[in-house]
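Across the two complexes that follow, subunit A remains constant while its partner is subunit B and subsequently subunit C.
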Partner chain A sequence: MRAATGAPVLPGLRVQLRVVGALTLRELGTRFGRDNLGYIWLFLEPALLGGAIGLVHHLSGHALPGGVDVGTFWVIGYVPYYLLRGVLNRGPSAIAANQSLLYHRHVTLLDILLARNLLEGAATAGALLGFALFFGLVAGEWPREPAKIVLGMLLMLGFAHGAAMLLATGSVYSEIFDRVTHLFTYLSLPITGAFFMVFWLPTELQRAALWVPTVHVFELVRDGQYGTLVPTSYDVPYLLGWVAALNLLGMAGLRRARRDLAL
Partner chain B sequence: MVATPAGGLPDVAWTGPLPRPRGRLRRRLGRHPFKLLVLLPTLLVAAYFFAVAAPQYESEARFLIRGRQAAAPSGLGEALQTAGFRPSNEDALGIRDYLQSHDAVAALRGGLDLVAMFRRPEADPLARLWWEEPSAERLHDYFRRMVGAEYDTTSGITALRARSFRPEDSLAITQELLRLSEALVNRLNHRLQEDGLRVARGEVARAEARLTDAQLAVTEFRGRERTVDPARSAAVALENLGKLEGALAQARAEMAEAQRFARADNPRVVQVRNRVEGLSTQVAEERQRVAGAEAGNSQQVGEFERLSVERELARAQLASATASLERARADAQRQQIFLLRVVEPNTAEWARHPKSTLNTAYVFLCLSVAYGLAWLLVAGMREHAA
Partner chain C sequence: MIALRGVHKSYHTRLGHREVLGGVDCVFRPGEQVGILGRNGAGKSTLLRVVAGVERPTRGRVERGMSVSWPLGFAGAMHYSISGADNARFIARIYGKPLVATLDFVEDFAELGEYFGMPVRTYSSGMMMRLGFALSLAVDFDCYLVDEVVAVGDTRFGERCRKALAERRERSALLLVSHQAETVRAFCTSAAILHGGRLTRYDDLDQAIAQYEAG
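Entry: the complex of A and B
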């Protein structure tokens, strides 16, 4: 890799952006095709899932502790979780699905993962925007601080992207990652913090829950949605530490994996 | 020790004749990026912490906020409890918030020269308060950095920590803050008690006024109508009439009996007739009087009844108001909160802050990770240009 040291950075960045853009378009085409609703499915998929979960809980009529609005709580919890799950679950298959593209000199493993994950991020962002408008117009539940929701989603994307890069790296060396990732994301649902709030827990459990990085994301997003209506506890620097560490390891891992990848 | 950075190895002669400063910097950056971007800043930070930074002494106090009785949980509190959430002591949280508030800073400034304490000559220029005449907000921000209060939900203990550049200053701040907290607790208690009692006291005063009014009305009625009890006097008048009528009937019977055996001018007959006549006049008079008074008297009776009922009601109301005042007083006594000092503030002997080694290590770690990320990203971009 030292060979590339002398090359100019800015033209490289321009090429990389073009490559990522092209890969995103390709991903869109392969995932959704051009027939029936086409690209609309990108936003519709998370929106339908989140909406269904929110609706079911809204109709079941169970009140939540702290007087949290039921519909928004489940949707606001589900959409970021959808992002995490979507990115993680697609991580291990990313390289295998796009391996043929690596014959092009300009396409790197990082580009492939970036394209996929940015697409996933755009999908959930669109769905979340739709929900925010819907709840604002229908129920008058506008987000108190939208910037915090955006920051939360960006951090979630960064976290998931870093983890997905590690999973993709692992998938180069062993098939086991592809097999267990779905199981793992499914089983980890209760501890991610998507469907509970930290202040519901007793003090000892709160302390334990705050070790889980995604719990901070959900608390941050809820702080943006509900403001001071409910107590939230999160630590953005802690989360940033996780994101930085995962991305560092993930990018390093991908570079190593590229060398070991037999085309 | 900062003057010769670790990355400044290449000299001018080596880099070429009269290079532009920017180009020189770039070349050095290109040659020793890690040294310049990570090691040099870490070295600067280490130099600051180990050579420049003034020691900061910490004084710590711990206290408990205790109420005699926990308040009854509200609807929300109950809902939270069902979810396994243990409600924390609101009073303790209130004290904690107060300790970090602008209110506490203002109160502290009344007793201590806070700005001078944070601008001691031995303080280093970076860590001390930067302004000589800080605005309340700036001082508050600085204060929040130097003074912290933490509430532990499991033990219920609030820990108060103050840092400054002299041990005595820290001690003074902690002591003053503790004193202020105690004053706040007393103020809260006073308010609680006053609020609880005010309503009950008002109720008692109202009942008393009502009773006085009712009693006054009865007295006035008696004075006006010249009667203690109109119902009773009416009964007495009727009884009188009945008695007179009885006596009249008896006298008439006696007269009839006397007339049968004696002449009309018999002295006994005359005596009896006189009695009958006298009684008749009296009965007629009495009857007239009773009949005349009937109309006014029934009204009088009604009025008097109303007044006495009113008086009874007022009496009952006063009794219940007095009882509830007693209860409120007992409740207020029970709701009182106390500040119990668990750990008295100490005078530091050794400066615990700043944590030089830890901070330096932290800076190094963060910079290294950031550098690694940047290196990987840049390397990825360069690959595309190749």
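Entry: the complex of A and C
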């Protein structure tokens, strides 16, 4: 609306930043409370879950194909998956949970989704940073190329955010999305690529696995962690294509949903 | 100035397509206190939400040349799981108002006592209304949109609201929807009747009320 009347874009952007900032702080308050160690849970939740999984597999003593370090493999698979699942699962409830805030005209559906998902991203980033330091200091397992891990996490966030916008859009029209999303994220765990590496698979299966966009994310993150120690295969432009398409569709969907939403 | 140009609003319901507003044309100017009278289900709250811009018209458009509050009433605009104080902080942040001044104003105006630090869901409806009104006054809009509940609630608070609005009379506009003529008479200087999805304005308050009560 603002752009249509010819007003400058910059103030609009400033309002959006202000709104997203306020929403993020509020989200922090509602999710973790304002008492005690409330905010610490933000990082602790993914860290504890990831740590538990890494520890169990470390203690079980099963070696992985290619001699990959067991602890780091499970943790750097689990943390990005936690981000994906967290963002997707919370997508269908995003609008219903924040509907009363839409009474403020300049709070948009995109702002609501952005605030929630950026917070989720910050939580997993914090947890991953903690793990990187832990594995580095304790086991000398420093990431070979940290920038690739950062890129991988950003792409995962972008992918999940785009998909979550579509789920949120769907939730305005049907309750089915809220019901099946959890089931879907749970059942799709084996094919996301969180806990297998592409080079472990037979050639035929490799080609099939590389159709799955998230497989590329996990391979990219592993490349950042292990470098040339293990072969990884991923295609960043392919992944970027998914991220761009999902985000464009998601934003268009939210625009449409806002028009049809009755408060 | 707020201008509604051929505003239509319809909803899809289980009973099919239902048109609530069927072509509303109207202009509200700064300093006007307009009461909008309508029977239950006439579409008063829908009109208010469309003017506020929280719901889009199905057809037509709304031009806002001044800052317009959110629709003040029981529901909406607040977050129930956080405290009144946190709501005030949130409002200050999204509207770009100073944090401390806003908190002080809301605490003082809403008179919630120690409930100011408790989650809004523990409030009585009267307390919620006071908080909502205080929040909107803290933002300092040019035009206030009020659903009748605010006006008929707690009379002492009603008096304070009336005074706060009167102080702004020169620069602030007020749009109040109600099904009660007395409420409109107490707060407004002119009136309009919403009937059959259309809005008819009257310059003379008494004429509007007489017409409304006759219909």
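Assume the second predicted complex is superposed on the first by the 257 of 263 C-alpha atoms of A that agree within 3 Å, B and C clash if a C-alpha of one lies under 4 Å from a C-alpha of the other, contacts with A are read in each partner's own complex, and residues count from 1 in each chain.
In this text, a contact is a pair of C-beta atoms (placed from the backbone, for glycine too) under 8 Å apart; a residue touches a chain by one contact, two chains touch by 3 or more.
Bear in mind that the values here come from a model prediction, so they are computed numbers and not experimental data.
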Looking at the overlay on subunit A, is there a clash between subunit B and subunit C, or do the two fit?
fit
Chosen between subunit B and subunit C, the partner touching more subunit A residues is B
Touched partner set for A:L248, first subunit B, second subunit C, both or neither:
first
Which of the two partners, first being subunit B and second being subunit C, lies in contact with A:F199: first, second, both, or neither?
first
Put down the vertex angle at subunit A formed with subunit B and subunit C, C-alpha centres only, nearest 10°.
160
Kindly classify A:L187 by the partners it touches after superposition: subunit B alone (first), subunit C alone (second), both, or neither?
neither
Per the contact definition in the header, classify A:H106: touching subunit B only (first), subunit C only (second), both, or neither.
both
Considering only touches as defined above, state whether A:G29 meets subunit B (first), subunit C (second), both or neither.
second
Mind working out whether A:L48 is in touch with subunit B, subunit C, both or neither, as first, second, both or neither?
neither
Which of subunit B and subunit C A:G21 touches, first, second, both or neither:
second
In the superposition described above, what is the shortest C-alpha distance between subunit B and subunit C in Å? Please give a whole number.
9
Common interface residues of subunit A with subunit B and subunit C?
15, 19, 105-106
List the residues on subunit C that touch subunit A in their complex, please.
11, 49, 52-56, 68, 70-71, 75-82, 86, 89-91, 93-96
Residues of subunit A defined as touching subunit C within the complex:
15, 18-19, 21-23, 25-26, 29-30, 34, 100-107, 258-259, 261-263
For a test of understanding, state which residues of subunit A touch subunit B in their complex under the given definition.
1, 3-5, 7-9, 11-13, 15-16, 19, 63, 65-67, 105-106, 108, 110, 199-205, 244-245, 247-248, 251-252, 255
Residues of subunit B touching subunit A in their complex?
76, 79-80, 82-86, 153-154, 369-370, 372-373, 376-386
